[in-house]
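Scrolling down, you'll hit the structures one after another.
Both complexes below contain chain A, partnered by chain B and then by chain C.
Here is the complex of A and B:
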């Protein structure tokens, strides 16, 4: 028993099925209606925030240059690990930045999350290139485009035979930073929306002050943000199937599929997270 | 360029493992409820055993799913499992004695949505995708719920957010010193994620044997139990935590020795190895 077929390796991008599209729209509408029914306007706004956050994460993942195992051998451009790992690193760094900045207000926290995620990817991409250039002795050359869209550097003369390119060209570096920033922004948005809900509900249910319950609210919002972040990142990874070089890669054009999938998945996971405290004390 | 993932044939059929895993983890997690009935905390370690059984089942599911060649690496499956599972586990925990059953249902719903999105919108078109993601979400939920129950002695939400600290000889109830308030849930999340994604990732390839992979899964599960048992000293009495630690350490040593023996067996079987045959048309 070995690879039994797997994803269809056709040339073009297969559009989502009609059933899939209808199902995702229905799921999002049902989840929004439930959120309004359970927690009124605050729930509706929170769920919209969670869906937007999930979409930002799934979209951001497509910018990140992922090389996988071939990149570790210098046979493909990108960072030498999987999509889920890279997205988790950038998203969690962004989430830490955003959670730290949460007391300073909504906009500052979102900016903190974006800067945290972007900073992690900037450091990672720079160090990856330091290792590629000075450790492995290979120049940066993309295999998908002949010319860097930003710097105008040409690649074919530097590309080794039999490889799909190697190293991390500047366009991939920029893509990585944008992807990290979008991922951090999305993760922080989910965190802040859930934190608002829990900080409003927990003191009422347990009859205590907001300060006493702060650690529980922060922890719950944080773990749900991490969980939803990983769900959306893996769905985006499934959309990419393997490696991507960054925004100039032809695979980047697949992102609408991941955006739809992430919106529906975050809506369903988000409604359970928002309704979490509805049943406390009932049983 | 994709990495070919090979799995061995034979062994226990997957559906049998599914039933054992589901029923076994459900029964074991309910055994922790004996704590509430008898008023002791000695039964906390059953939560960890439930997590180990769930991890065995999850490893076999990952093997089943990843034999189709996802193109994103095996760990991504573990990440989506815990990401969707933690929402189900914590939502379930709020329903008192029904917690494990509600956690299974909620996790199944989230897993089903993720699977439908992956197959119909992202167009993975893998026949076992939906079923596998449902199973993995349930596994993630049972792992989180089991390890959380092991850390604080109960699977109920109020028990997870309340703890006691002794100040000047007086026991004071507080929300900070608890499994969720102290963000121990995040540690449990990662311990579960590492345990579920490692075993098949380490054992895949030619000559993969089901008993060896599953033994490594049990070893990873017991290894994750050890830190949780040490954490549980903070939340439950000394003797019950010591019992949990002993169970984890003994379980880990036994499974580790067994795993090394199985590895030696398979390494020996490889001595008269034949050349690895390339499948027709490539992987």
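Here is the complex of A and C:
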């Protein structure tokens, strides 16, 4: 993305290289084997959950319509901020809801996380259009497609001169909500898996009751979930390079590469999070 | 029932605090020029337009506010552990976090502006003196209200996260909401005030930001004055609605059924979908197309 020209229109699919694929699979298998070796079946299941959570986050980030600096001047469609940061805002709001609902069970917590992330994006995307329409008098227009795939609205005649489009067309709004929901779901899944591991292991290692370590386990799981969320969101942002309009953007098709990278990165980061207690036990 | 009424009161208070936080955050970031529109402030001298706008965008708003709010929350948490009154602890924690923001703003302005020396952009010491304190004051309001909101979520509503972690989570969400809503208004409406209203800034105009005010040269305080009229309050409403609905759906509907908050959340999302679609269609009808559809369909 250049300050002058906006994002380059390089939307082609960029499949992962063979080398990257093999390396990722090896890393994931090694991490899974280590998890099984260190914490037996519970560790293996937790790591699988963490990998799935990471993949959901990276995939979800591709849905979020982000226009960066050009969007702040009405030069390109999307939300005028960074990809990773907006996704993180939504995903962490989801994590807030998911962690709150954790005592009611796995399914409720996951759904709570997804709805929390989706809700933040729904409100944010609506307010972006409020500012564009009522503050700046600019209608929404996509620069990547001529017609909205959902509503059938046409865009070329609503693009102002010398711009690539502006505002958030409805397809981008829907993409934002889906992205926020996937991010909230992934973040909450990572949190729940780590919380299970810590709540099972910490009392044994420290020889205390579950209630006594509850706050430590929640803090550790929460901060690791935030960290892994940011890691996967940034990986996906590198894959997107700059700006994306949502699921209708040609860049969206790049997601397989980010998904593989996120799986490998989550496996490696996850094994450190899981093995952390082993280190505590050693010392 | 009493518990729900108490919960609704706390929810309303947290929503109000979040609204103030969002408005202060966006105004702070516009005075300090920290959002995405700062790309133009950085670009302008390179295109030959020397200006007196503050320039501290060395980090995005979400990570910066994640840091400051987590710092304020962490210090407040430590003070509370020392048996200091929570309100005093939050004030002290926020005040200390604001000093970090002040150091950040000073070094960022000096560093970013000094990097433009070869394009003839001077470092204005009076800008540094007069504007850093204004951004710090706004940052204090944003940090204090967010930390107070997080404290309410824990002590009154029973959220399991510790205060510093909750500060990080809501600090990042605050920055995300504020930058998403407030940035276009600061970027398009203020920096490019000379461009036509009701249209995006043509890419060819990049860097040609407005540099003169009613009297003398424009500075970032003028920008704060402008964006506090719409961009700031709109960001406040955005963040306030997020916090309010997030808490309200849980506090009120969790008692009825554990799936209640989720169903209500989905309904709220659908309501916002309808509002958004209405606004989009209203804009298309009211403003009309820029060019005739036949011409553009090629």
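Please note the rule applied: the second predicted complex is superposed on the first by the 267 of 283 C-alpha atoms of A that agree within 3 Å, B and C clash if a C-alpha of one lies under 4 Å from a C-alpha of the other, contacts with A are read in each partner's own complex, and residues count from 1 in each chain.
Everything that follows uses one rule, which is that a residue touches a chain if its C-beta (ideal position, glycine included) is under 8 Å from a C-beta of that chain, and two chains touch if they have at least 3 such contacts.
This structure is a prediction, so every number in the text was calculated from the model and none was measured.
Colleague: Should the pairing of chain B and chain C on chain A count as a clash or a fit in the superposition?
Modeller: clash
Colleague: Of the two partner chains, chain B (first) and chain C (second), which one does A:41 touch, if any: first, second, both, or neither?
Modeller: Touch status of A:41: no partner.
Colleague: According to the stated criteria, A:68 is in contact with first (chain B), second (chain C), both, or neither; which is it?
Modeller: both
Colleague: Which partner chains sit in contact with A:223 here, chain B, chain C, both or neither? Use first/second/both/neither.
Modeller: Touch status of A:223: both partners.
Colleague: Looking at the overlay, does A:233 come into contact with chain B only (first), chain C only (second), both, or neither?
Modeller: first
Colleague: Contact-wise, after the overlay, does A:204 reach chain B, chain C, both or neither (first, second, both, neither)?
Modeller: neither
Colleague: Report which listed segment of chain C has C-alpha atoms clashing with chain B; options: 21-29, 111-119, 183-191 or 201-209.
Modeller: Clashes with chain B appear only in stretch 111-119.
Colleague: Which chain A residues come up in both lists, the one for chain B and the one for chain C?
Modeller: In the superposed arrangement, which is not itself an observed complex, chain A uses residues 3-6, 68-70, 75, 82, 85, 88, 164, 215, 218-219, 222-223, 226 for both chain B and chain C.
Colleague: Given the complex with chain A, which residues does chain C contribute to the contact?
Modeller: Contacts found on chain C: 35-37, 39-40, 42-43, 60-63, 159-162, 165-166, 168-170, 172-173, 175-177, 179-189, 191-192, 197-207, 230-231, 234-235, 237-238, 241-242, 245-246, 250, 258-259, 261-262, 265-266, 268-269, 272-273, 275-277, 279-280, 282-284, 287, 289-293, 295-297.
Colleague: Enumerate the contact residues on chain A facing chain C in the complex.
Modeller: It is residues 3-6, 68-75, 79-82, 85-86, 88-90, 92-93, 95-97, 99-102, 104-105, 108, 111-112, 115-116, 118-120, 122-140, 146, 151, 153-154, 156-170, 173-174, 177, 214-215, 218-219, 222-223, 226 of chain A that touch chain C.
Colleague: Under the touch definition given earlier, write down the residues of chain B that touch chain A in their complex.
Modeller: 1-9, 67-73, 75-77, 79-80, 82-88, 90-91, 94-98, 106, 109-110, 113-114, 116-126, 157-158, 161, 174-176, 178, 180-183, 185-186, 189, 279, 283
Colleague: Show which residues of chain A lie in contact with chain B when the two form their complex.
Modeller: So the residues of chain A touching chain B come out as 1-8, 14-17, 19-21, 23-24, 27, 68-70, 75-76, 82-85, 88, 164, 208, 212-213, 215-216, 218-220, 222-224, 226-231, 233-235, 237-243, 257-258, 260-262, 264-265, 268-269, 272-273, 275-283.
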